[in-house]
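Scrolling down, you'll hit the structures one after another.
Heads up, the next two complexes both have chain A, just with different partners, chain B and then chain C.
Right after this comes the complex of A and B.
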């Protein structure tokens, strides 16, 4: 047997972000795989210890590039728990708008993204184009398209601009109208369907072994393990939505669950628009004095939210001073992106490696930090 | 003990004598264990329903001269997060690997070794470099590591210091 070492990434059309896998292949079968993270290691955990609590807001969205809002949310939730502040009612609902729009954006990108590794780029273009409409909304609300720095400890940075709910309703209507077309083009299209059906299996035992959460876990175990249901944050306990699950997890199932989750996000957003208080304060200070000198009472807390890839959490330690003592980030794709690749990528073919990365939900910036 | 009941706290107290306290956030608990009994406690907790290791990390309490290992476990049926903490001596930080209980901890252990220098006995791979390439200084998340000094010593100063200046174009009407 002859082994050849191949590099998948750090720059590769089928890779999301700069992440590399060294594959030892025999023919086109992968015999051994070694994940090589670190290309996006920017030392965030050390950087955060050296900046003020509020200064970190500019830093944290960058930890997960495609889904930045969850970072702001867990950071804010952690500080609010330590400082024991109550967030104004309206801010909770605005946060849900941001989080669900973020989920729609990343699911759209990821459903379209399957076009890259399967070779049907139309899907990618359609997905990105639809996501762009959501980014337009973000720009109207927060002033920025990708890194919003909008959810701040104690609430949100600013109230919603006038007329935004009408814009949101329009975007949702249009998205809902387009979704069946995406399903037809992407999930049922022979080019993609044949490649991802019964491919890249994820059994329930592997889920528990690695610690996979999110769609991976729900698609394999059939349990409704969604943090929005299990331990609701913001006002997720006051809206109705279903958690789609399955008991057989192949790549197609996981894509289907993403597709179904988008419908649920739209449902949540419509309820938010209906139920949110029309006005009121949106922010409280969590500490007296100037924002740059805010302090947080000593203590440690772990906060987690449901990201598109699973449980995303921050472990925050404060010693009562102006800067965090330690912040550790739990990237949602840590489990499948490192040990998962090493143990379960071997056995697949080279051309399936990119589909593996895509549908397992490996996001390199949150692994590297 | 069944997984669906809320009595893991009582069972834990009865069987191991350890008491889990309420944490800062809701549905969150904190449990301090001795380094020696951490292993068996984690094994017990896994059987009690904490099937998932969400995070393994470390805190450097430099003034007390200790490291604190943090294991965050998740009980999905109850939605409980449990923070298990164990203190290690900072001079000689050693711990036994927990990959036999939570296999997913393998890469967390490598990370904690790389960033804090904690040794995990019993693991064959924990010393393999992970994120940092050709690192030649002390583990960087220790509190006595100074990134500024490292950077000054490692990289040459710019010959021409960069001055950021706005390029203002005057508009005449």
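Right after this comes the complex of A and C.
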């Protein structure tokens, strides 16, 4: 047997390629895979120790580029727990709008994105175009399209702009109307089926072995393990939604779960619009003084939220000063992205490697943090 | 999901030709850009007329994208720095924290999406209100109440309730540790206060020390420029707070009270370690200081840190001058004064009391015995108002009265003779000191009080601090704004009251002091004593005629060079009230400057 060493990545910034995998292939088959993380390493955790508690807001969204809001949320939840502050009621609901819009955006990008590795770019264009409408909403609410810096410790940075709920309803209606089309085009498309159905399997035993969470876990084990349900934060305990599950996890199943989750997100957002208090405060100070001297009481805390890829958590240690003593990030894709690639990518074909990375939910910056 | 489809199904795609596209068709995005949302965080715009150059934006910036740059041609204004923020868009992350924390509300972000240039330098620029493309783009992201990153509300300090008027107990109770730490957290450490303080105190540094709970460091920072920490922590005129960056949108940081917190809460070891750390052995020469008021004490202390042997001559029985005999006990307790003076004594300064220069010892003798002499004799005489009846023995003056009150309170004199009804002329802080001391003595003697104040200025023009008026009214003062004293009515050799007339204007058309009155509005303020507190003036008994001619200015002050040296008499230096007019912090500042000037002169003279 002759082996050839090929490189997946790290040449492409922004998609699967920026996480490098050395593949030893025999013909088309991957025999051995070596993940080489670090090409996106910017030392987020260390950088956070050198910045003010508020200054970190500019940094943390960059840990996961396409789904930045979860970072802001766990960071805020951690500080709120340490400082023992109550977030105003309205802020909880606004946060849910942001988080669910974020989930819709990344699922849209992911479902469309499958067109990349499968070679059907129409899906990608459609997905990205739909996501852009959500980014417009983000721009109106937060002032930025990608790095929102909107969920801040103690609440949200500004109240919702006027008329935003009407805009939101419009986008949701339009998205809901388009979703069956996307399903038709992408999830039921014979070409894509050929590529991803019964491909890239994730057995329940691997879930337990690696510690995979999120859609990976739910699709393989049937467990309704969604932090929004099992350990609700914000006001997820006051809205109704289902956690879609399956017991057979191939790439298609996982895409289907994402699709179903989008329907649930739309359902949550509709309830939020109905149930959120029409006015009231949206932010409480977590520390006296100016932002240059905000302090967080000494202590340590682990907070986690349900990201699109699974449990996403921060372990925050404060020594009572103006900057964090230590923050460790639990990236949701760490388990499958680092250990999983090495152990379970071999056995697949070269052209499946990208699909593997995509549907297993590997977001490289959160491994390289 | 293998569904069989019609062979015509691809034709369905035609329907997309007739749908409205989600993408926008723009011919030229630079000329005709898509409009951003109202909160869009684009490029910075800075209203340079509002910006005070405090640099808080630069401090909060998480990417170090903002540097403070000296601006050529900027006219220096009090309370502003001569620097303005410049932005490096190679580093900026467009987070907008700079906008949220801007102390003067000058900074905002525009709605522009794009900056395209082949010149890399254009990505580093100092914005004005027109922004990076100099075309007054619409404002995008702006701070609002929710996104506020400053703490605009000052920590409240506990104070005695109005029943305090029957005693001389200190009114302000000081900050607790928690309150002080929270107040210190409001500071943005811009240093505009330092530039404004006459003594250039290291204010951000000692506030930082409060925040870090490092009392020794705090004391050291204070004593670097001010050896009257207790006094200035209580009765300083706090020019620093007037220019505080936070005061542009909120209440200024309580700088004076934080200084007081340090001196009140520092342990004895921390206090001494901080206060005496720079005092050195006697190695240099001998200097005489005339007058032990703020400027004399300050000069003496700093000469000690420079290694000089210092003797301070004081005409009264106790050192301290205005802080010992002027300020009222309820603002400045004896213990605080004692603490400051004893620390200066511990630094090795020798006090020679009951010795009036010009009477008990001449200036010439001092010149002969010492290498240099510093004059800090202050304003020790009350200015009289020569209205009919002013020579009556029951017309009393602020300075001797306040001194007798202090002497009485430290058991060194009898209780001052105070009648049941009194009238005070004057509207400055000293007038309120007199009036409120009178109230306390009347309460003590008669159980009731009646003090009228005739103030020439209207309420808006009042010279005294607002808190003096507020507290005085609480204590039952009867304040008559814009009433000018005309005469003292005397019946059977007893004062009956003060005739006052409504003031129309204080200054004439040329801006000279020349009050005009509305003769139709007159009244008599009843009282059997009249206290004059319209100002103080210096006494120069120690100067001979020739010196008077040479050194006194038109206003009766002493003309000095920058360091306090007197021209024609290089061995003679002056500071304090007689150089700059009455203000304790000015005294401290000029005393310190003179100490440095004396050192320089002695070290460089041939």
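What we mean here is this: the second predicted complex is superposed on the first by the 364 of 369 C-alpha atoms of A that agree within 3 Å, B and C clash if a C-alpha of one lies under 4 Å from a C-alpha of the other, contacts with A are read in each partner's own complex, and residues count from 1 in each chain.
As a convention for this text, a residue touches a chain if its C-beta (ideal position, glycine included) is under 8 Å from a C-beta of that chain, and two chains touch if they have at least 3 such contacts.
Just so it is clear, the model here is predicted, and its values are computed rather than measured.
Of the two partner chains, neither chain B nor chain C is touched by A:298.
When the two structures are aligned on the shared chain, A:29 is found in touch with neither chain B nor chain C.
By the touch criterion defined above, A:193 lies against chain C but remains apart from chain B after alignment on the C-alpha atoms of chain A. Of the two partner chains, neither chain B nor chain C is touched by A:169.
In the superposed model, A:57 lies in contact with chain C only, and not with chain B. Across the two superposed structures, the residue set of chain A contacted by chain B and also by chain C is empty.
Those residues of chain B that touch chain A in the complex are listed here as 23-28, 51-55, 57, 59-60, 70, 72, 74, 76, 79, 81, 83, 102-104, 106-108, 115, 130-133, 140-141, 145, 147.
Chain contact summary for the complex, chain C toward chain A: residues 1-3, 22-23, 36-41, 56, 59-63, 93-97, 100-101, 109, 140-141, 144, 146-147, 149-151, 182, 184-189, 211, 246. Listing the residues of chain A that touch chain B in their complex gives 37-38, 41, 43, 45-46, 50, 77-78, 81-82, 208-211, 213, 223, 225, 227, 230-231, 299-304, 311, 313, 315, 317, 325-326, 328, 330, 334-335, 338-339, 368. Interface of chain A with chain C (complex): residues 51-52, 54-59, 129-130, 132-133, 136, 139-144, 147, 149, 155-159, 161, 188, 190, 193, 282-283, 285, 287-295.
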